[in-house]
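Two complexes are shown next, each including chain A; its partner changes from chain B in the first to chain C in the second.
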Partner chain A sequence: MNEDQIKTLRAIFREELSISEEELVDSTAYNELEAWDSLTHLKIVSRIEEAFSIELEVDDIIGMENFGKAKAIVGRYIVSPS
Partner chain B sequence: MNVLGIGVDIVEVSRFRGLRPDSEVVSYFLSDEEAAEIFRRKEPAPALAGRFAAKEAIIKAVRSARPGCNIFFRDIDVRGDDQGAPRALISSEHAGNFQILLSISHGQEQAIAFAMMVQRDDADERRPNQDFESDLPRGA
Partner chain C sequence: MNFVEFLFASSRESEGCFITGAKERLSYRELYERVERTSKWISWRYGSGKEFLLLADNSVFFVVSYLSLMRSGNIPLLVETRVGKEELAALMSSCRPVGAFMQQRLSTKAVSGIPTLTEADLPEEDVEDLRPHVRSDDLATVVFTSGSTGTKKGVMITHGNLIANTTSIIQYLELTSRDRMMVVLPFYYCYGASLLHTHLRVGGSLTISNSIFLGAILDEIEKYQCTGLAGVPSTYQILINRSDLLQRRFSSLRYMTQAGGKLEPRYIQMIVDSLPEVRFFVMYGATEATARMSYLPPEMIRARMASIGKGIPGVHLEVLGEDGRPVMPGETGEIVAAGDNIMKGYYGDDEGTVAVLKDGRYHTGDLATVDEDGYIYVVGRSKDIIKCAGYRVSPYEIENLIASMEGVDTVAVVSTPDEILGEAIVAVVRCRDGSEEEAVRTTIQRECRRSLPSYKNPSYVVFLEEMPLNSSNKIDKVRLRQMLVEGERDVR
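Let's look at the complex of A and B:
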């Protein structure tokens, strides 16, 4: 993922989880924050798919257990412009 | 009765207010048929919350019995029977020799659901249609 794509992904997570730039780290995890529950997870997935024009597979939706994993998973779907 | 797994979930109804039937989030957890039924209601949010809680409770029950199972919202279809009691159908990919007993309740502010996964007795004809073909097996 390039810098802009990571910035977009971070914005989605920060907005949906209502947390600051500093609070969002790779280890920020599902169910660790009260705001990151299953409904919020679906909203995050929905926004990711829209922002990057991708369709995530179920295993990957379930696998996005923390921000670091989400970044890695989304990165597999998108091709950075050269 | 051989209990294989249980699950419970509670959600705030307010979080479902304003969701539109064609929204991406709704398409993740409701089949087209379920969405059509719920959005016919004057106030769909409590039913949306109840349906979401029900599916989440079922996912927890199934995953507690089958760790690593990737059952997801669209693998589950919740419909009312002749008496209005909720019945859960599981997609053929995840169905097995079990049945889901389900109870859903909601007020103005919260919805709660409890699911129990039990071994199915072959002689039990109460829920003959335990599985269905998911109409949107995302990524399958």
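Let's look at the complex of A and C:
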């Protein structure tokens, strides 16, 4: 992922989880933050799909349990980062 | 009879498994021993007839605490785990809890002045048995549910209510000890609690799934050989739209149930067409009726698509017109229920109780019609409530929050049909003169995310120059909903 793409991904997580730039780290995880519940997770997934024009597989949606993993998973979908 | 004794009547000695799942496992015997020990300890330590907050996700801790409180003649107050700390404190100040059973994970929400007990505080040693005898009309639990005014109402459920509803549900779903339910609905919600009650009573079992994504349950149903799945509209909509549910073949699943709002017939059609071997039960209920009031037999689902069926065994369900008489086919009236499952009343709210309980019958506030054979079809709600992702949401609370934000002149919160959520929340806003719509939208989205749990967040913020008004000069929400469906909305 290039810088812009990471920025987009960070913005989605920051906004949906209501946290600051500093609070969002790779270990920021599902269920540790009250705001990151299964419903928010779906919203994050939808926004990622819309922003990057991709469609995430079920196993990957399940796998995105912290921000670091989400970054790695989304990165795999973006075939040719420009 | 104590409801918990009723639940354990046939299975307490069983070595069979009651709870399975990725995180926890528990046999009947272990559960029975833990409930016996904990309930004796609660009676010995606190006496009986006392209220205790219970705040926990689906877990062994919830099940042991809940059953032990009722078995000891005390009263669990059930509140959704996503409740805000301040809201919880306000709610508890209107009750008389002497303690709080709280999952460690949620203990940051502890209410000052109320001693908290977490997983580590449950007793290990046996004490003297001082548990009282309870009568069927004694209070068993208070379940808090969102009312149309924005404050939660405590629904008072007796031991008799629970025994009656559990018995009826087991009968019409034909549950046996071979049944294993995939549980994704929370136990603090009456529909989720009914899964716990019925399967314990028949000697069946539960698989608890707390996955980050609902799609994970499809593999778990197979892995744990579940026979049943219970969901609200959004459960099925998420599975249809975001997983391969409709392409799956399940070796053990014999039925699905759906309640908690209206699932659009086209979704029901997709499920029954794609999974012909799975019986699909459409059901209808309310916390005020312990859980369940009606069901549509699966055999009739194609012929009576969109019907909620008729009253379950022991529940008399009618649709009454304004004159108090049953409506004729095609006419609209209110659904009214009678049976041993109808609540004792709302906690500390005689006025609210009198408004819905008349002559022992529960007036649901749901508008419906009937067909020639008496099958009931829900057509609307007289109360201003949104059902988003299975949760009851009061527009009033969200309107109050948004109205206080900068740049907002007027706001009305309504629902619109949604592919995933069942009903999505829409904030329709008239800006103050000179305010930038985009700035107002950003503020609303940011502040709502910050202040409200996820299921109360508006999916859309829509701007209007003028709000449509009805004859009494109030914002016409019926017209607003129509306008949204007709596509006059500007998404996100």
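One rule holds for everything that comes next: the second predicted complex is superposed on the first by the 79 of 82 C-alpha atoms of A that agree within 3 Å, B and C clash if a C-alpha of one lies under 4 Å from a C-alpha of the other, contacts with A are read in each partner's own complex, and residues count from 1 in each chain.
The working rule: a contact is a pair of C-beta atoms (placed from the backbone, for glycine too) under 8 Å apart; a residue touches a chain by one contact, two chains touch by 3 or more.
Every value quoted in this text rests on a predicted model; they were computed, and no experiment measured them.
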Under the stated touch criterion, which partner chain does A:34 make contact with: chain B (first), chain C (second), both, or neither?
second
Just checking: does A:2 make contact with chain B only, chain C only, both, or neither of them? Give me first, second, both or neither.
neither
Touch check for A:62: first (chain B), second (chain C), both, or neither?
both
For A:16, select first, second, both or neither according to whether it touches chain B, chain C, the two together, or no partner.
second
Of chain B and chain C, which one contacts the greater number of residues in chain A?
C
Touched partner set for A:49, first chain B, second chain C, both or neither:
first
Both chain B and chain C touch chain A; at which residues?
38-39, 42-43, 45-46, 58, 61-62
Within their complex, chain C touches chain A through residues 82, 105, 211-216, 218, 238, 242-244, 389, 420, 445-446, 449-450, 453-455
Per the contact definition, I'd like the list of chain A residues that touch chain B in the complex.
38-39, 42-43, 45-46, 49-50, 55-62
Residue numbers of chain B touching chain A in their complex, please.
9, 11, 15, 23-25, 28-29, 52, 56, 70, 72-73, 137-140
In their shared complex, at which residues does chain A touch chain C?
15-18, 30-31, 34-35, 37-43, 45-46, 58, 61-62, 64-65
